[in-house]
Structures are given as C-alpha cells and as structure tokens.
C-alpha cells in the first residue's frame, strides 16, 4: 500500500472514531479528545525531530512540557507588586550572583593550570559562592512566600495575553535543552536518555518547591484564556442568536416553556462546544505551522545531512560534518517544539499544577505515539499522536467494559471478580506497553514508515 | 568529650546507619544494571520494575508461609521465601529476554532500540505488578525489629543522643556483603564468570574463543534478576513494598551505576554508596551536630542545611550531571564506553 | 416528530437522566483511582457508593442511583477533565462526587462542572484557594478549608504551652496550604516553627527528612500528611531513630490504621479532625462494616459518603433530577432547620422529604455548609490514649 493511501486511511479512521464518540458519547467529549490530540501531535512532532531525524532518545519530555507550563504562568499572570517589593530585589540579586559565580568558575577552570591549587580554588569558589547566594536568596524567598500565601505568595507574571507564552515556552525549553545537550550529547546515546530522565525530574522538583516562582504545589489556577468563557457566552445576546440560528430545526419543533428549556440546554452545550472549537482552531494553526516547517526542513539539504548523520555518524563526521553540533541543534529544536505544546496544554487546562507532570503520561506516552505513528515521518508522528491519545482516553471505559465481560462468568461477590474490576484502571499501562513492544518488534517503521530518498 | 561522643552518635544515627543500608540496597540494584549493561550493552529501564516484580512474589510467598505458620524466629520470614522469589523472577526475566530482547540482538539493532524496548517492558511489568498485588503499600516484615533501640541506647550509655539499629538494616548490610563476595568469586574464579568478563571486554574475541553467547546472556539475566529481587526484598523489609516507589528507585540506581563507571561492578557498589550518602549528607541539617562540636557562643542561627530535603532525590542527578561533565567514564573507569 | 425526538435526545443528554427511562439515575464518582493517592480512593469510592446502595429504589419514586466511576488521576488535569467531560455530557450524570485532589478538582470545576451547571461535591479537596473560585454556587465540599484547621491546631498548641515545633507536610496543595495557614497562625500566637520540611508521598525512606527535622532542636513534630502514605513513614522513622516521641497530627493522619501500625509509642499524640461529635462517625463505621466495606475509617471516607448522600437528598428535595434543581436544594438539606440525619438514615430522610418535611443532614462528618458551600469547619481535638483516638473537646 502506498504511503499516501495509508495516511489517508489512517486519518480517516481517526475521523470516524472521533465522529463515533461525538454520536455515541457526546460532541463535547469528542472535541475534548480532538483538542488533546492536536496538542499531543505537536508534542510528538517535537519528539520525532529528535528521534526520527537524529536518533536522539530524549526521556525528559515531561520536563520540557512543564517548562512550557511555567511560561504560561509567567506570561499571563498579573504582576504581584507587593511580592516584588518584598523580595524581588533579592531574587534578582541572587540571580546576578549565580551568573557571577558561574563566570568565575569558568574563568578559573579555563585559565588556571591544573593541579591542587586549581581544585582548591574551585571548591572554595563553589562553597563560598553557595553560602553567599543562599544568604541573599533565602530571606527574599521567605518574604515573597509570606505575602498572602493562600492566594498569591509568588512574584506573578507579566500580565500579557497567554498566547505569547506559546512562544516563550518554546524559548524556555530550548534554553534548558541547550544546557543539557552541552552536557550529555557527544557521550554514549544511553547517557542522553538517563540525563534527560534525571533533569526532567529535577525541573519538576524545582517547580514543586520554588513557590516564589509558580506557587509550587499550591498550583496556579484560573489562568487567563485566549478564548471566551462559557458563562459569558451563555449570557451573551449575540451567542444566543447564533444558537437559535444553528439549532433552528430543533427549536422549531417545540414551543413555549419547553422551548425556553430546550434553548437553555442547547446554549449550555453550545457554549462549551464553541469554546472547544476556538481552541481546536488555535491548536490546528500551530500544528499546521509546525508540521509544514518540519516537512520543509526534512526535505531540505539540512534534513538530508541530519539523516546522514543518524544513519552513519562516522562517515558523516569523515565528510566534515560536525556531528555533536548538529545533534545539539536538533535537540534544542525538538525540545522547543515540546515546550510550545506544553504551554498550549497549560493554556487549555487553565491552570498549572506541577505535580501533574508524571513520566508515564508526559514522556512515555508521547514516545509510544511517535513509535506507533512512524518515527522519522512527520505525518506519521501526527497520526500516532491522534491514535494513541484516543486509545489512552478510551482505554479506561474500554478496560472497565472488558473486565466486566471477562469476569461476568464469576460470582457477583467473588473476590477475584472484585479484584479484577478494581484493577481495570491498570489496563492503560498494559495496553501502552503491549502496543509499544508489538509495534517495535513487528512493524518497526510504525504505521507510516519513514520515506527514504527513492520513493 | 561527652559532646564529641554525642555528635558522633548523632551522626551515626541519622547519617551513617541509614546511609549504609540505603547504599547497600542501591548498590545491589546498580550491580544488576551494570552487569546487564556490560553484557547486553543497554541501560535497562525496566530494572526498577523488575525489582518490584521479584519483591511482589517474595511478599506473596511470605504471606503464604505466615499463614502456614512457618517462621525463622527472630529473622523475617521473607528470607525463606526469597530463593523461590528469585527463581520465579529469573524465569520471568529469561522469558522477557526470549520474547523481547533476543530479537534485537539477532538483528544487531543499535543499543538505543534495546533501551526503548526496555521502556515497553517497564510499562508491562508495572501493570502486571499492579494487577496482581495492587498499588498499595504492603508491609511484610516480621521477626525482631531492632538490634539496638534508641531509648535503650540512651539509657545504657547516658548520652543525650540515641542510636537505633534496625534488624533490617543489619540484615541488608550482611546480605549485601555476602552477595557481593559471592558475585566477585563467581566472576573471577569460575569458568562461566570468566567467560562473562571476556564477553564484556570484547564480544567478538569472546565469540571466536568459543564462548556461548546464549549461556552468557542467560546467566547474566539470572544474576541480574536475583540481585534485583534480593535488593527489592531488602528495601521492602527495611522500608515497605510499594510498586511506585520501586519505579522511582530506577533513577538513583542509574546514577549509582554511572557515577561508579558503567560496566564496572566495583564501581556500581561504590556508586551506590556515593549516591546514598550524598543524599543523606547534603540534605542533613548540621545545626545540632555543630552545636555539640563548636563552642557555645558559635551556636548557629540557621539550620546549616546545604539543600532542603525537597531536593533529596535531585541530589543523585546533580552528582550524575557533574560526573558526566567532569569524568564521563565514572569514578572508576567503566569498561564499556 | 423526528425533530422532536432529536430535541428530546439532546435534552436527555444535557439534563441528566430526567428524560431517560428506566429506574436508574447516574452519579459520577471522580477520584484518583490511579496516581499518588490510588490507595485511598477505592475506599472513598465505596463509601460514596454505600450511600447510593442504601437508597436503592427509594429515590424519586422508586429510582436507584448508580455510580459511574471516572479516574481523576489526582494529578493530570487533562485526563481528569476528559473523564469529567465524558461523565457529564455522555453518561449524563446528575451530579459529581469528587474530585479528590485540589488541583484536578479546580480543573474539573472550572473547565467542565461549572460551565455545564453540574453540582460537584468534593470529599477531600481542602485547599483554601477553592473557597474563592467563581463557582456560581455549583461547587461544594464536605471537607473544610485548611485555613481553619491551621488556626485550630495553633490554638491547641498554645493552650498546651507548646511554643516550638518542627513541621513536616506532604508536598502537595493540601500539605502546603495547611502548613502555611498553621505557620501564620502559630507565629501570630507567639510560637516558633523551628523547621518546616516537605516530604513526598510514596517514598518509603524518610531518614533524610527525619534527620533534618530532628536537627532543628524542637521536641514536637507536627505531621500534615496522609495516614497510609508518607506521614506514617515519617512517624515510624522518627520513633525508630529516636528523633521525636511527641507528635501533632492533622486530619489526613487520623486513622486507626496508624495506631495499628505504630503501636503504643503513639500514646499522647495530639490531633485534629473535622467534625463535632463522634455520633455520626461512629454510626458510619457501623453502617460501613455492616455493608461489608473493606475499611470503615479510611481518610475522607465519611466525607465521601456525605458528599453522595447530600446530592441524593437534594435531588429528593427538588423532586427532580434536574441539575439546576439539585444545586438549589443543596444548602437546604445540609443545614438547619430540619430533622437531623445520620449515616444509615438516608431512607428515613428521603421519606421526610417526600412528605414535604425538612432535613438537616449531619452525616458521618457532621456537615454544615458555610455560605460558600463548604463544611463549616468545627474540629475535634483528639488525643491518643491507650491505643485509641479519644476526643478531648470540640473547637
């Protein structure tokens, strides 16, 4: 079967599945699934850039997605002036001190000749600098966190529209990726995996514990939205007009009190559908932009060079290509895309909850998407994201149903039946693991395998 | 003098003894990771869940033995169940190798493929463990809990500070020493062990000299599964068994293996203790210790804590990153780079 | 005709099962069945389902409430929102018992519950921030805000003359929120928090945390965590190492299982728990045991039972399963005037409501809603004596 046909069939299947959900469950559920499919697709594209183009195994997707979330908070939240006057200066000063310290350390490690004197200077610098920084930083943090801790207790953000954060999220993720890449690229490929896994955990730990930045585990809720609020729509005359127009058929069938009741119900449903559609539109725009950039990049000379490096590092290096530098570039780019998706996700959620970043959901699930879809193939990654997110969401009801069927022969009160029913929630893990292993083993190219030069 | 003794006991109680036990548990896990790494040449992400899997069987068997009335007196019943648990886990590990990893060896896939496959295995095992025993905390320790109790120690010595040593901590250290000794004897003195080392040093050469790769791989999995089960059981006895916790142990174990030098068994042990002790020492608040040691007027205002305990588990990764930056081969040179 | 059918199908999907036939009405139970508090939630869910079972065939002229479970994952706002979306728009639940953790609860309320006009009653989201969300009157909780508990704990310590404590809290919005409110109240009354350190749940090894806590030099340790999670580990490690012998516990730590696990070393421990008298709680234990539940005193089990019971009663009081009607009757059934209702007396309450009477649901956790729809927050001061939690007085 040709690639194009496969792609068309794949996306048609998704469309049918979402349509079925809309018909059988509800259109709100269907659109909610679609929105997360779109975000997942952007995230999967980011992973695909790293894995599919360059063979970099990044197990820290979670951390980059969370950085996007931080950006959403820092961009959209209003500035908290009381907190700034309480400890903003201290934070800035300690940030400056960190930069100075890093500069000194770099200077010493570059300029001084090796020997015990150099080691001693470095140790003294690190310990001394640490103590100095802590003595500036700690009081500032305490002052900020004591400022109305139940509702605020952080510095706030810039008060800009949240859409800006999608870009900033990418920038944040790119910056951190650059640092990690500097450390771990150029070493064995597994080291990048382990380093990214570790650093993503540290990032989450920082977000959970540095309350002055994003309120830590107290979460930031009620982020501003790029789209209208349902409740505003429900009271807006114009929206009511739209609902009456759109559902004219249904409304014509009823009258009087009943009509008012139906109209109210339709308005509630319509408002939340409308909001979701707005999000779908925004996400689709981002997805299309990222996807077309990816497709163009992959087809360009640059893309061919990257794939050449992936397929044979040694010969690419012999041809004068700087492998580590290209890897760094790819790693930064892919992470930036993940950061954008992370900011989009936080925008959709309307809140930032650091403890929601779990590796199973944010790292490994995305990986399954890329592997199933077809690593190295942009459209494949998108398709994989749609399919796997759908499975991930519907695995829960399906798991419940399956367990019910399996255990239906057992006695109503049987301990085993109860145990199995209680365990049906773990179906998700099992499904994801199995899908991943089976695809890797029997169809390593995924649904849409990478196109090689010839076809 | 009394102050000095108090400080010493304080340090032993809060830093040294817990660090020693935790370090031994990490070391055993890291040994398994490093062995797999040097023979099969991939980082096994499913190792934490392999530990959980093995421990689960030990827990289930322990309960069964307890219901039969079997016990080891002052020692935990789990020790009785351990050999059977190891056997089951080894069979399971061999099965995953057969069904999953063997294929990638056959097609000579790059190691990163194996790493990814191990991620899939991790998902599966995670689910299986939760299906069978559930996600909850399980306590399966029985027998005598303490060798020395803090209160008894205070009374006996007249010091301000107490020292507590749990039976499980002692057990951990003793078992770890025995196990490591046995492992090194095996690697250095037996034919199979030597062929494993040869295989790890140079695969092609080992194959040429007639070493059977199937056998080497099989033995490696059996040893790794055994180490994982024993480490998991000791950890569970010392603390408690919870599947999610074992997943999280993966990260410090990796750190330990890399810090020590991947592929180097001595390094794995060293790494285990480095990670464990740095977690404890960096997050310990030295205020009290300092108060004992320094003159009265120097008594510190703050807690003298280098890093808040919130970042306890970040410590191992900071070490990891520093080692990768400064000495990517690990403290002791790893064999496989 | 076809158009009419279409319209009424939409209606049925929207206003719950008001138009659905059969004798079953669905109620959503959204809790974190997977994730960090997965060991608490099955018991909470069965407590809520107990209330539905108790009223089977008695609600609104012979209807039965059945539960539809959804997984909040406790942490993943996206998954929780999706589950809630499915329950509300597809299953057409009449109301939602949940969610559990404050973060996902806020997400569900803001993104799905409030926009769709569905009543949510959370049994365990205690973050002070939830008092002020714009809920249009649709969000309730049977657990009081932690702002109050922190004050109560500080008062108790002041009365006992304890002025220097070490505090450890579970690292989530519950623990952190409670710690902040306790610290503020305690320091205002002249106390000193020697050290305040978070602990992550599910770590199993807490020697580093305990070491740091002990080093601060306080004699008492206040533990704001979960009874079968990190909190238990902290207490166990503290006793094992001789770091602390005197503990102060917040509501998440109160449970017989703690005493069962720790033993007599816990004697003398002080604690607080929402509620004003033990009659309802004791009754709940009876009912739960009689119904064969696995546990009868898990954290937030009474609150879960009450959350479900309140919605059932409000439905009966409204005489309809319309979501808005349920919302407008929630306050009425929860608060005075009316006959006091304890666990196990739901059928009686339904009867009273059917005949036009009024009820004041006390339930297992002594529910009284404040004007923002959360439990008012009277607390029991507890002390462990002879291996049991005993109520000293009500605050």
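In this document, chain identifiers A, B and C correspond to the written order of the chains, with residue numbering beginning at 1 in each.
In this section, a residue touches a chain if its C-beta (ideal position, glycine included) is under 8 Å from a C-beta of that chain, and two chains touch if they have at least 3 such contacts.
This structure is a prediction, so every number in the text was calculated from the model and none was measured.
Of all chain pairs, the one joined by the greatest number of contacting C-beta pairs is A-C. Remark: the per-chain Cα centre closest to the mean position of all protein Cα atoms belongs to A. Averaging Cα coordinates per chain places chain A and chain B 32 Å apart.
If you average the Cα atoms of chain B and of chain C, the two centres end up 38 Å apart. Residues of chain C in contact with at least two other chains: 34, 36, 38, 171, 198. Within chain A, residues 208-209, 422, 426 each touch two or more of the remaining chains.
For chain B, residues that reach two or more other chains under the stated contact definition are 134, 308, 310, 313. The part of chain B that touches chain A in the complex is made up of residues 42-43, 45, 100, 103, 110-113, 115-117, 119-128, 130-131, 134, 251, 254-255, 258, 306, 308, 310-311, 313-314, 316-318, 320-321, 324-325, 328, 337. Within the complex formed with chain C, the chain A residues making contact are 24-29, 32-33, 36, 145-146, 149-151, 153, 208-209, 211, 216-219, 221-222, 229-231, 249-254, 261-262, 265-266, 268-269, 271-272, 275, 345, 348-351, 353, 355-358, 361, 393, 396-397, 400, 422, 425-426, 428.
Considering their complex, residues 3-4, 6-7, 10-11, 13-15, 33-36, 38, 42, 69-71, 73, 75-79, 81-83, 85-86, 88-90, 102-104, 106-107, 110-112, 114-117, 127-129, 132-133, 136, 147, 171-173, 175-177, 180-181, 184, 198 of chain C touch chain A.
By the touch criterion stated above, chain B contacts chain C in their complex at residues 13-15, 18-19, 22, 134-137, 139, 146, 149-151, 153-154, 161-164, 166, 235, 238-240, 242, 244-245, 248, 279-280, 283-289, 291, 303, 305, 308-310, 312-313.
Residues of chain A that touch chain B in their complex: 55, 57, 59, 130, 183-184, 187-191, 193-195, 197-199, 201-202, 205, 208-209, 360, 364, 367, 371, 419, 422-423, 426-427, 429-430, 432-434, 436-437, 440-441.
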